[in-house]
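The data blocks that follow each hold one structure.
Next, two complexes with chain A in common: one pairs it with chain B, the other with chain C.
The block that comes next holds the complex of A and B.
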């Protein structure tokens, strides 16, 4: 049964396991260094739909269906789904999962949504209030661009610190199982705001929250980075990763030799548009539900920390000159 | 460990890469110049075809606007501007792109609530403050003429 230790870490004693997962990406992500790992992709950026918003909904639906297929269960077997995305009022999730026979809980954690949803799903299964719980999230380069920045055809240039929103979705199914990778603990992070106002430097805005959650986790569990095979952060990108190392070093925590950032893994760094790396809910979701899960299943990793990092801003708060608060949630996934 | 916002700000500045200014300036100069050359060639063509000196600049501006709008429509403008930067964004070609891009993009929300509302979402400030500036300029010009 879920039990809180120290400040913010929740140990899940009943070992909720990942019984199915699915990932969908766009063409640019497919052409990236880990492109072969993803389950599905489409060369059509609209995924056969007529708007980008519908395209995002579609990839979320495909991700859930892929995960259900892999787990060999039907949607009726799924007791609850936690879903979220970056679009206003989370329409990516609601329109994508509309018509599914699964009780729906919409969540918003910006790019931290994957870890947030998966944490909640794991707690539900651990407490026995769900037999199978799902978590899904998505982002789409085009729908995010038009909501947060400029129209796609506009020629404005980006600064080198900006990140490219990943077109992708990832879905994870959690249930009791003895022989699958399981969620050992979850740590919900605090909102941390260090006054960064540059919306083209999200990595810098999120790094302090990631550092805070990692620090809390190591304190709570009395462990060190050496106890884990690898630590994944969601979408800190080049700048955020650098800053995370610096912040943690100040507390004598060195994760440099066992850390990777999903935002740095997903794209070919030489692409002109990528700048400091990938971002968006779909970034950590797609990487977790492909690359990371494959390596947990084949035994390359046995004990990992997975974090999703979110920048909690809106176009309105940014225009009003507010700084960008960050939040990061952490999950410890282990092999049985 | 607690870090003050000011201290973190310094860390962020150190960790953040800046744009490659020398390259950007050079490319902007090159492409901006090229846009001017294209404009000049059209200008001479129009004079050759019989346009007078007053209509020539209008025709040149219209031509550049049309070319940029077409390039935006076939998704080529953005590719050019990624290399050319301010070279194509500062001339009137950039203005054309700023109008056409939202017109294409927000078609999915309909012609009134989408295109109609959003078409000036980027160029709006330029149009508004440009108009105000020209009114102020006009008043000053009028007064100067009256005094001297």
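The block that comes next holds the complex of A and C.
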């Protein structure tokens, strides 16, 4: 039975482990520094579909099926799936997963969705509510650009603080196991709003919530950054990462020598339009379910923190002058 | 510890009970047949805010605070909140709940959100992950009209099968208790798609998923409609309710004499623009956290099924010719 230990961190005692995972990306991500790590990619940005939105659904479907294949189980063995994405009304998930005979829990955490879904899946398995639970999310550069910014055909330039939405999806399957990387704890973040209103600077909007969740976690568990092999954040990019360091240093927490950001790992920095890094639900999802999992499995990492960071805005809220609150959820993954 | 008993139904053994609840509606809902049941209403459709979206956030905030007040606890006593709504990127919830010091889990289930959030809150409490968990959702006629259909200023007429989005919010607080109505089981639905494409007929789009979840529940628990005082569906309206009856009769399940639909209860049927009934996340949320809870507390009901029904479309998916899949989640609430 799970046991709460402090405000926000939930220790899971029954080794909900990652028994399968899958990642799918687009060509730009495949051409990046960790491109070899991903399971699947396609040179066609539409992945054989006729719209970008359907392409996004398609990559979620492929990610889930890849994870099921790796785990050697069928969708009927999966008791529940947690899924969400950035598209209005989360249609990436709906149309990616419809037809699957799996009870469906829709979630919305913006770019924090991977950690959010994996946290819920881990809790369900830890508590014996599910034997196998899945978490999946996605984003797509083209569907995000036209929904959040401008039609691609405008060829609009973006600011140096802006980030490129990753075309990618990641799926994770959780079940109890004694010999696979397992989720030791989950920390659900609060909504943190420091009044940032620049929709071209998501890193700055998300960093305060990342700092808040990390601070809470170290306090809850009485640990320090040195206790972990590495700490991953989702998609803070260059600006958000710098700001995260500054915010944490104020509390005497220095993560600099043990930190990496999925948004800084996924693209070739010299690429036009990458600007401050990668972003989108698919960013941390694809990196977790490839690069990170490979290194947990081969023993390069044995005890890590993985956090996805979300900016809770919509084009409507931005146009109405609202600020951009953030939320970040954190997971401690360990090797047995 | 929760124990799975069959495919989709999770029996909760530790009496996660409803210790507080709150409902807020607009004037049209207040003027309806069950208007006296709601905690709060405002004649101002903007609830003192300058946009409809901010009004929706405001009613979520009021609903949560009403529930906390009734339970006699403060927000610091609440360990986690599950929240979502119909607005793009769920901004109704973000801006309604930002500033609250409660770990935040964003969910998206369209109009199934109340049952979805309450299911998750109940599981967290049942498993000892939270002492107190909250679920909240909302919808607003004006914010929904302009997002899903037309600007209100057009004065567009709607079809007889269409439903009116409820301006309303409902919040529920769950904690273990031996003397309050408790959640005995939850059943997460699957995505069900029968190919309905008429965005002015949500009832028809959602009814197959409602039938699927009810069928699954009766099979899982080996019970019949006669075992329950009443079965509530969320917002099927006239068309969806008729279709639900037809679909269930094929499986020899007759719920007709024990069924009511929140979408059929909330409005005066003679009102212009109500058409086939009420809809929106706020519909079943407001009815559960007023009319239904009052009757559980006074003993009129002792064993009920409550199901919210969601249509998983977006304006984009509809314009791209996609069908409208549905998802429905079901809760069994009992008196001790």
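As a convention for this text, the second predicted complex is superposed on the first by the 336 of 336 C-alpha atoms of A that agree within 3 Å, B and C clash if a C-alpha of one lies under 4 Å from a C-alpha of the other, contacts with A are read in each partner's own complex, and residues count from 1 in each chain.
In the analysis below, a residue touches a chain if its C-beta (ideal position, glycine included) is under 8 Å from a C-beta of that chain, and two chains touch if they have at least 3 such contacts.
Being a predicted model, the structure only gives us computed values, none of them experimental.
In the overlay built on the shared chain, the residue A:322 is in contact with chain C alone; chain B does not reach it. Which of chain B and chain C touches more residues of chain A: that partner is C.
Shared-chain residue A:243: touches chain B; no touch with chain C.
Contacts of A:104 after superposition: chain C is touched, whereas chain B is not reached. Contacts of A:51 after superposition: both chain B and chain C are touched. Of the two partner chains placed by the overlay, only chain B lies in contact with A:153; chain C stays clear of it. In the superposition on chain A, contact is made by A:201 with chain B only, not with chain C.
In the superposed model, A:95 makes contact with chain C only, not with chain B. Touching of chain A by both chain B and chain C, each in its own complex, is seen for residues 51, 53. Residues of chain A touching chain B in their complex: 50-53, 146, 150-157, 159-161, 194-196, 201, 204, 208, 238-239, 242-243, 246-247, 250-251, 272-273, 276.
Residue ranges of chain C in contact with chain A, taken from their complex: 1-4, 7-8, 10, 51, 53-54, 79-80, 84, 86-91, 94-95, 97-110, 116, 120, 123-124, 127-131, 147, 187-191, 193, 312-317, 320, 322, 325, 327. Chain contact summary for the complex, chain B toward chain A: residues 1, 3, 5, 8-9, 11-12, 15-19, 72-73, 75, 77-78, 80-82, 85, 88-89, 94, 97-98, 100-102, 104-106, 108, 122.
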